[in-house]
Amino acid sequence: MAAVGEQAGQQQVKKVVLAYSGGLDTSVILKWLQETYGCEVVTFTADLGQGEELEPARKKAELLGIKPQNIFIRDVREEFVRDFVFPMFRANALYEGVYLLGTSIARPLISKHLVEIAAEVGADAVAHGATGKGNDQVRFELSAYALNPHIKVIAPWRLWDLTSRTRLLAYAEERQIPIAKDKYGEAPYSTDANLLHISYEGKALEDPWVEPDEAMYTRSVSPAEAPDAPTYVEIEFERGDAVGIDGVRLSPAEVLTRLNELGGQNGVGRLDLVENRFVGMKSRGIYETPGGTVLLAAHRAIESITLDRGAAHLKDEVMPRYAELIYNGFWYSPEREAIQALVDKTQERVNGTVRLKLWKGNVITAGRKSPNSLYRLDYVTFEEDSVYDQRDAQGFIKLNALRLRLGAMARGK
Amino acid sequence: MAAVGEQAGQQQVKKVVLAYSGGLDTSVILKWLQETYGCEVVTFTADLGQGEELEPARKKAELLGIKPQNIFIRDVREEFVRDFVFPMFRANALYEGVYLLGTSIARPLISKHLVEIAAEVGADAVAHGATGKGNDQVRFELSAYALNPHIKVIAPWRLWDLTSRTRLLAYAEERQIPIAKDKYGEAPYSTDANLLHISYEGKALEDPWVEPDEAMYTRSVSPAEAPDAPTYVEIEFERGDAVGIDGVRLSPAEVLTRLNELGGQNGVGRLDLVENRFVGMKSRGIYETPGGTVLLAAHRAIESITLDRGAAHLKDEVMPRYAELIYNGFWYSPEREAIQALVDKTQERVNGTVRLKLWKGNVITAGRKSPNSLYRLDYVTFEEDSVYDQRDAQGFIKLNALRLRLGAMARGK
Amino acid sequence: MAAVGEQAGQQQVKKVVLAYSGGLDTSVILKWLQETYGCEVVTFTADLGQGEELEPARKKAELLGIKPQNIFIRDVREEFVRDFVFPMFRANALYEGVYLLGTSIARPLISKHLVEIAAEVGADAVAHGATGKGNDQVRFELSAYALNPHIKVIAPWRLWDLTSRTRLLAYAEERQIPIAKDKYGEAPYSTDANLLHISYEGKALEDPWVEPDEAMYTRSVSPAEAPDAPTYVEIEFERGDAVGIDGVRLSPAEVLTRLNELGGQNGVGRLDLVENRFVGMKSRGIYETPGGTVLLAAHRAIESITLDRGAAHLKDEVMPRYAELIYNGFWYSPEREAIQALVDKTQERVNGTVRLKLWKGNVITAGRKSPNSLYRLDYVTFEEDSVYDQRDAQGFIKLNALRLRLGAMARGK
Amino acid sequence: MAAVGEQAGQQQVKKVVLAYSGGLDTSVILKWLQETYGCEVVTFTADLGQGEELEPARKKAELLGIKPQNIFIRDVREEFVRDFVFPMFRANALYEGVYLLGTSIARPLISKHLVEIAAEVGADAVAHGATGKGNDQVRFELSAYALNPHIKVIAPWRLWDLTSRTRLLAYAEERQIPIAKDKYGEAPYSTDANLLHISYEGKALEDPWVEPDEAMYTRSVSPAEAPDAPTYVEIEFERGDAVGIDGVRLSPAEVLTRLNELGGQNGVGRLDLVENRFVGMKSRGIYETPGGTVLLAAHRAIESITLDRGAAHLKDEVMPRYAELIYNGFWYSPEREAIQALVDKTQERVNGTVRLKLWKGNVITAGRKSPNSLYRLDYVTFEEDSVYDQRDAQGFIKLNALRLRLGAMARGK
């Protein structure tokens, strides 16, 4: 009978590039791909700033029979911050008013490398370890398809029958895949990490009425444990991007790394959220985004003195859509690129320095200055002045009121 | 010589209703109106929760020769929160990403009463004490014109020549208007207060690179002085409005009063901002909005489990426009009312309870629950389940990707 | 073999309500449902104004073995226009700038009846005859699921193997399903019709460089064949809905019927379009919407004198989203309902009369008047006047220009 | 007495550049500027395609005492279409759903030249002949201030007392300003013309219930007088701009000129509108935009096959705002430029050819083709195919429906 929809092993796959972390799950996937498709597997392991060594992943890939020339390990931290995180922060992107999109923004970068490596090694497929209920599968696959419309995508979690922890472990044991001791028990939550953030979701967090365990956090000290003395930090911006901290010019990844340290030390950037997934259900996530939280505050502050009102309000109006596009996986879409062009156009003179005070979870704007400042003391002072004729306000109000008055008259007032 | 535009004393005014605080400035205005227009002056003093006694205003009005029947003093706190603050919070309104619109939202209410009193007493004009450089003149006047298109509006600050402190004081002394001792010196900043917030702007705050003096704040303790133990608070919502705190049902003004106390005690709700005025320049303002800051977090949290994604994202997209309308003074406009209808429609099932942790400036979501919750553990769990077929995700992704793939193919990929 | 995704006959179905036209395709579906699921089939045939007799559908259903109590035939024309077409026209909805959504708007109505009948007769499933490549399957199913989240939906075209004309005809012949003579050949295009429009797509129209055959059109004479004398028509509106024509009060369906006659006689309402389907590809459609084309022009014209500018521009900004929602099948969604609340709020005073001239394909506004008109000759005249002080314009312009001037100065001008 | 607001002769003006048509009104202004300000007057007369000789303007300026080196006459037609009209058409801009912005788009160009000439000749002011009730004063002045924040703007119609026809004529006669015979009577309407359109408004058109006189139109034959045979025209596009007609490559102004001829001959492009002015009232305007009407239809048609859905819908959503900005005079604003960047980004592959049929007022799309077409017959056909798996639609629908189903369940369904 003709197969229906997607089905394990059904596709002909010659060579597949797998997004490989070196962990248990993607190691099982590696083996399963070999067995199910009888194909050559190429691994791609990226340093996105998740804070893990990559060499163990290489070792493990070799152990699982991957040829050295099929093992790709790349440090993509600068690319990640420069080409993905920074453009997104130019838009002040927040999903559902609060979420800094730390997971969402990393996925297109990974797919970009998967597709590029596939072209290099002549692979016809890519594979990822995201489940069938989440957003990440969508983000991986939309990006991959947008970059290579002919690529095959294998999503083992939607295909195989290793759908319980027990079966997965059994499969791994049978194939002599090394299993770290702590992997035998059920993890209380799953995490995703990169230079922008770490997320937690699942099991122990599933009741949105219950606070998370303080012990869970890894990127920030508890605000209650943070120093009593505030940390002041000065962030320099050029064309909307942070280019230096406290007088020292830094690369994009260095900026974010430093802001993570400063924010994390001061208990900044925790978020507990029930969010709407693109696949249709609500889920609860906890995020730590110390550097990103600082950066957003700083960017809004530098914009506050350098950005024209019309441009600023326009940006604010398109931002929710932009954030939604990134959350939903449409980074490589014509509409995200068009909004990016709009956003980037507004950043041409977003230059200057912002001073922030970090203290026990708080990010407090303590100053902003710019060679391109649009803030003009002479226009805003209460003094008599020549630059602004207060009587102009009357005409301004009268004409703004005219349609409201005509409307009221038409209603018989 | 033919008068051009607005000009002091030029209009014929029979009777004018003045928004009267009892302070020096509006007392001078009171006198000036009498002298300039030779007209009867009616005073309106409102308790908006600004934290001042109103009886002294009555006394002072009497002293300045206002007839008792021309003195209107009203406690409008419940009306303010119920009909203005709460509808605005249903929209999660933030101006320029951060400002809770505490001043903006009070102005239409005052104008509403001015116009109503004018109708009651047969006055043909209203007057206010806002200057010619600010937003408040616009808000007062647009509201007044929208409610009574035939009303005359007198804005003495745009008309008279008392444009320096010295001249104002001289004028007051000549007319024996009582001057509080602290009014002789120049105030370091001007403030506006009501149940939602207090604002500070001007002189001492004019350099946006300089932090405000800690001594300035009046509504919140410094986060550094706040208690070491967190305060947990549970806020109950019905149709998007807060109706109870910690199990006690409260009126709108009681809710906000209580949240102000709780927030203020924990150093919550301070904001230092450079904002874009409707009249065209940037200005720097400092705000304390303790209760409002708590309320916004709570409202977003209750929406996070009760609001459909489509409705939530739509609201987020129209919010900046809605906030801009309120900031600019268009509360009584067809477009604000139309967006309100949209917003209110989404709040029909925004019921439930949010638990927040207030601590040293932080507002942390600690739990949310609702009889109308859309969060479904069975749909979000990693377990195998019958309700969600993971394989549906493939079709979902494939069709979402189709236009991106066709686009890539057309570009020769 | 383990079934993957949706599969014919796989679901347990007890009783299914089929959207039944009486034509060959849905008759085959009827039989196929009986055979495949062994279930009771209930038919629903609606008079949406498609211009076909319904009694033959009843006869045919009986012939195919449907019990009389399982045959539902309803005239839903008034409901269609009143509850679906008119609300949509209040928004001036156009998909992709030009398409009046004639097919899209009928689908949710059909699903509403399918789901209601399912509840009445105790059916657990509904079925429709839309294909797997089009928008209609989405519209039918999203509506059905939104109205009954537990309903099963059967879409035979996505399931069966009758995927060629030959097989379909063979299946019909084997089951002695009557086949109209003209059904043996391949139709040059498929159509969908209701009181709002008729659409054509497929085969003969597939090359977007080629004009359609003039003989195809059925709802409008060719502009070239239309009368030389224009038809003037006056349409009366109340709260944004057309309620009368040429002085005669009419029901919603009567209004649209009459406008179809008048528009059709004058060659009005043809559209040749390449549009973007929700499922991801572009398709070419030809539409005739004579009455709708007239109605849109009339509605815009009555709004032009009765709607406030702020409300009008707001509506225009949300319209594309609203049209997209309807096109994509989200009629029964919280966000469509929220936008509807916004739109309806603006229509409260959209009353009056519009005079149009219909002539050889043209719809020309020839006049508009309203008891609620906001057009005021005294304000617009070039004469000197007391109502509008031209000098107010200076202040209006100066303050609107201020930020632009400050921006230019900051750029060194 | 201190002057209030703007006042004639009050400003010190050294040298002023006047937008000079050579007509009676701007000739009177010329004289009035000399007399009122005792300043040197420089004239700028532009060929925008309004269809008038420019040499008589030179003669008249000389006659009125303007030095030859102070007379600037420029043919700006190519600049107008290339830098203003075409960018606007990339956005498919329509104000209030129907108006092609023919007057609005010309004003910033004129101001640009006024300001440039002012810089060349060392003038400190510019002047225009727009009245105090219209939009044009706003457009002229916002553009001038944005380009030179220090420029003075003189708007005689808001300042002088020549506010009746009689006084204006008397003033002209006294100064021996030549008056064309037809200028003695009152014109039945005022017009504005350029290569994009001609407008009519005022007196004879003031009752929106009355049709305009057929004799008024000058750019198009009456549809009733248009040829019986249709005109087919093929328009070639590159990156969203029309670059050729019927196989002949043309410059921007040539394209628009040719489309005006073709459209005008076929009675295309008339519009009768009540619109909302920026200054607050509604006004009635009649427009002829033959070439623009054709161009809009062609541009939408070429986009229909070359533009991605996401980009297309995004453009449609921002279009009303973009059109409003241009209508209101904010061409030279950061937000218009930001939206332009968005729009231009989408046009990168909007290449190809559109075939239109022009006939008695109708513009009918007769074909579109493109080397970058996204229309794919193989994806849209009803046939069985390998490229599109119809069963993907099930998952697509199921996940799109999920939130709607969960919502229905939460409502107890």
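In order of appearance the chains are A, B, C and D, and numbering begins at 1 in each one.
What we mean here is this: contacts are C-beta pairs under 8 Å (C-beta built on N, C-alpha and C of every residue); 3 or more make two chains touch, one makes a residue touch a chain.
What you see is a predicted model, and the numbers here were worked out from it, not measured in a lab.
Visitor: Would you indicate which option in B-D, C-D or B-C repeats the interface seen between A-B, with over half of the contact pairs matching by residue number?
Guide: C-D
Visitor: Suppose you list every residue number at the chain A-chain D interface; are over half of them used by both chains (same) or under half (different)?
Guide: Both copies, chain A as well as chain D, present the same residues to each other, with over half of the numbers appearing on both sides.
Visitor: Could you compare the number of C-beta pairs in contact for A-C with that for C-D and name the larger?
Guide: C-D
Visitor: I'd like to verify one number: the distance from the centre of chain A to the centre of chain D, where each centre is the average of its C-alpha atoms, in whole angstrom.
Guide: Taking the mean C-alpha position of each chain, the two centres sit 42 Å apart.
Visitor: Starting from the mean Cα coordinates of chain A and chain C, work out the distance between those two points in Å.
Guide: Distance between chain centres, rounded to whole Å: 39 Å.
Visitor: How far is the middle of chain C from the middle of chain D, if each middle is the mean of its Cα atoms, in Å?
Guide: Those two chain centres are 33 Å apart.
Visitor: If a residue has to touch 2 or more other chains to count, which residues of chain D qualify?
Guide: If we look for residues of chain D contacting two or more partner chains, we find 4-6, 276, 279-281, 308-310, 313, 321, 330, 333-334, 374, 376, 379, 388-389, 391-396, 399-404, 406-407.
Visitor: If each chain is a node and each touching pair an edge, is that a line, ring, star, complete or other?
Guide: Topology of the interface graph: complete, with all chain pairs in contact.
Visitor: What does chain D use to touch chain A in their complex?
Guide: Per the touch definition, chain D meets chain A at residues 4-5, 276, 279-281, 307-308, 310-311, 313-315, 318, 321, 330, 333-335, 337-346, 389, 391-392, 394-395, 399-403, 406.
Visitor: Please output the residues of chain D touching chain C within their complex, sorted ascending.
Guide: It is residues 5-6, 92, 96-98, 131-133, 137-138, 141-142, 145-150, 155, 157-158, 163-164, 190, 202, 206-211, 223-224, 228, 270, 272-276, 279-284, 300-301, 304-305, 309, 312-313, 316-317, 319-321, 324, 329-330, 332-334, 355, 357, 359-362, 364-369, 374-377, 379-382, 384, 388, 390-391, 393-397, 400-401, 404-409, 413 of chain D that touch chain C.
Visitor: Which bits of chain B are touching chain D when the two form their complex?
Guide: 1, 3-7, 308-310, 349, 372-374, 376, 379, 388-389, 391-396, 398-400, 402-404, 406-407, 410-411
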